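First chain A sits with chain B, and in the next complex the same chain sits with chain C.
The block that comes next holds the complex of A and B.
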């Protein structure tokens, strides 16, 4: 069995299983945790609280005007590389073939040239994000292994993907094998690190928003 | 071995002029990607070279490789076997049969001990004492071992003799092996392909005869001059891959426009061969030009590498290789159920621990 067969065969299967087990485990675990009984008289009803939660999920996804000069650059960096990741992951022909074989549906792809540009920009932005993390004193003190390793597995997939597309650094099957292996690593790490924010971010903001809205304190 | 002492003498007898011969050798050098002046050196070497005795052994195979070789245009098979080599044994092509044919093989081996070339076509079955491929009452593995002893080199023609090929495919009931798995003390050149390109077979032989040396080989013992690039690297449809234009089915607009066949399972990116450059039928075309994805037939284990029609960038697990959405859904569902059970268990444990430590009178379940 060569590297490519290992990567897209047993390694991928194990990664998918670990990903599914881990993600469901963590979500179920959070849902079933204790929550304090809320004895406050509700200011708003259930429907209004839910709507308020959705509104807060949107409003908290954008910096408050007052803070834009301080946090705008960081947020712009974050949004930019996330958009780049989405383009590279979901709009590249071979990726659509890959995910299509999982879900049974395919969608139109973007030209590979556009994907290449998006990949290079995303990689550059990821480097900038890391630079900001290690040079900003507060961010550096807040960061732990999880932050750096999550950054590493994400960037590794991008780098091996660019090398594969460019046929740079070895035979195509080796590079493709490394690329899929790096994706396998990302899948395995995903549920146990901060990459889980993909599942948590909007539900947690919405829940906080709904609770605040129930109290009439949502903004 | 032929009666004529050298290839040059043979050519003179047939009235082939020196100029014609040098032009022919220059053309060979060009195909082999060698500098033009090397053509002259090849000509000089070939003129004084003796026609080497070649013993062509056919084992567990379909004769497709030999069929392919007979369709070589440059050099032609008749030019090769009448002027360049002395084909002393080939049980498919030779007029003799039975004991006479075997006697010819034994005589050639004895007369040219240490100098003859063994060409092997087909894999060698070793299960059950090699009974699955026999000739003249002897097993293929016996015949190969005997022939290899006095050989100057072994040229494996086709994927079966090079890597085991289709007989080697799972479950490999005959215990098929590649020649290189069985013979370790002789120079071996693998000319893989199912079948190999005719000119790749004949030019590999010609190169060995004219230089007396093994060509540069890759990690699979294939001549780099023919197997140095992937089909994908030299494919005329490569620009469509770069543009992200893929045929999604064999009858869609992309297929009609000649777009890249990657998503239809083309193995061009992982297949090393000269199909896209030398092509087939005297340079007419190659499979991708006819609208079919490359099968990767010149690579080891190509028959077991999943469906020919599933793209390289797709999951590949299980016996059959091809993974369907329903298989993924089953696997993900089972994993999710396990995850949910673990989640419920760990949450219960956390609640219990919390109750034991701080008590939770004001909590809701």
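The block that comes next holds the complex of A and C.
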């Protein structure tokens, strides 16, 4: 079994199992904790509260204008590399073939030149994100192993992907094997760290938004 | 931060005789008990983006990263991960999340009490939608259980729990209330047994702003509302809420709830006090364990409703350009944004809003009990500089608010900074401009 076979065979299977079980367990563990009933008189009824939650799920993607002067640059950086990641992951032909084989559906891809540009930009933005994390006093204080390792596994996938498409640094088969192995690593790490925020973000916004809306509070 | 530990030890509540280990264990146990699905979700969702710092006036004023709101619950995040998270056994087995020490908690006392107004501005900025202020409130509960509430808040809460008053007064508040009625020439309805509205009063008003107490009675009299104060449930504030004691907060709330039930009130009217509104409007029923048999309304809300149905008619108030401080617990966290503005509009006020106003207003700096913590004053003054600048920039001649703690905080700043503005009460302005022939109150 060569590296590529290992990466997309048993390693991928293990990674997918760890990913699925880990993600489900992490979510179930929260759901199983207790709930407290609200007895206070709501300002808004159930339907309006739910609508408020849905609104906040979307509206928090963009900061309130009052905050933009202080947070605009940081948020722009954060959203930019996320958009770059989505483009590279979901619009690259070979990725569509790979993911399509799991879900049974395929979708149009972007030209490889566009993907190359997106990859380089995303990588650059990830470097900027790391630079900001280590130089900004607030971020440096808040950061722990999870922050840096999550950055590392994400960036590793991008870097090995760029090396593979550029045929840079070794035989294509080896580079592709390394790329898929790095993806396996990301899948395995995913449920243990902050990458889980991709599952939490919309429920978190919605839940808190609904509770604030119930009170008629600012959201 | 370690240099502050000695100072903070000196400020421990009377439970300081507990061993450090017992303090830490007590805090973590209290926190773990409160960790429900909602809190866990909030703790799990944090991505360490640090954006919440940019909403907090303590961070903005100092640029000290330790004032980042989510950092203020860091020991509790650590405890959650170690004790209750999905991979807690792994964290414990490999020592990835060590136990929170008593020393750490002592250091965090400054962050959770002195440098947090629980104003909720940080909850508006979080891209993950985390209600950071709610987590801080929970962390205060744990700190209280650990005997780490600041002594001022602890003592006031203990006294209020015991006597109904947060501090010793020269004479009982009931008597003071009657004296205020005599001084201002208004009848103080007291201890009636069947009314529509039960009134209560901030002890800040009794001690510092008696005209506001008289204004409340006068407005209710003008409206012809059947109402009463109750000797055994006079004080609106809840120092249990500030100190972080859920038990005392409940006991203090129950005192008012029982009195409201005793006088068959349909409405418990919260006077101009932001945190009293939060404690009674949003938390009292949960502590009571069932829905309250009456409504809880803030006085500005109540008066705006009376205005809308035509029961309240006001004269034009000659205040000149006026600005308004939005009390956080009332406006941002309580949803009472329009009512004060409706009253000001009816008074014909030329409102000059601050740069950050309404739901995005900065706290006065005194909320969350901070104004009561003596050692917090230097930091509070530093934080308030931005707020005073915003007020000055409005070019308003009159400065109003609808919270007695905001008022007290600004009054204190007026003396400290030799500031030229005096915070006024919206309720007093309403009482001074009732559309009747009685004339303004003296």
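Just so it is clear, the second predicted complex is superposed on the first by the 217 of 219 C-alpha atoms of A that agree within 3 Å, B and C clash if a C-alpha of one lies under 4 Å from a C-alpha of the other, contacts with A are read in each partner's own complex, and residues count from 1 in each chain.
Here, contacts are C-beta pairs under 8 Å (C-beta built on N, C-alpha and C of every residue); 3 or more make two chains touch, one makes a residue touch a chain.
Everything numeric here is computed off the predicted structure, so don't read it as measured data.
Contacts of A:29 after superposition: both chain B and chain C are touched. Shared-chain residue A:47: touches no atom of chain B or chain C. Once the two complexes are laid over each other on the shared chain, residue contacts for A:197 go to chain C alone; chain B is not touched. Of the two partner chains placed around the shared chain by superposition, chain B is the only one that A:17 touches, whereas chain C remains out of contact.
Once both structures are placed on chain A, chain A residues 25-26, 28-29, 31-37, 39 are touched by chain B and, in the other complex, by chain C. Taken together, the chain A residues at the contact with chain B in this complex read 4-5, 8-10, 12-13, 16-29, 31-37, 39, 92-95, 97-98, 101-104, 106, 109-115, 167, 171-173, 176, 180.
On chain B, the positions that touch chain A within their shared complex are 230, 232-233, 241-246, 248, 262-263, 269-270, 305, 310-317, 323-325, 328, 331-332, 335-336, 338-340, 342-344, 346-348, 350-351, 354, 360, 362-364. Within the complex formed with chain A, the residues of chain C that make contact are 35-38, 40-42, 44-45, 47-51, 53-55, 59-60, 63, 65-66, 68, 70-71, 84-87, 120, 123-131, 281-286, 288-292, 295-296, 331-335, 337, 356, 358-360. Residues 25-26, 28-41, 43, 56-57, 60-61, 63-64, 66-67, 70-71, 74-75, 78, 136-144, 147, 191-192, 194, 196-197, 200-201, 203-209, 211-212, 215-219 of chain A touch chain C in their complex.
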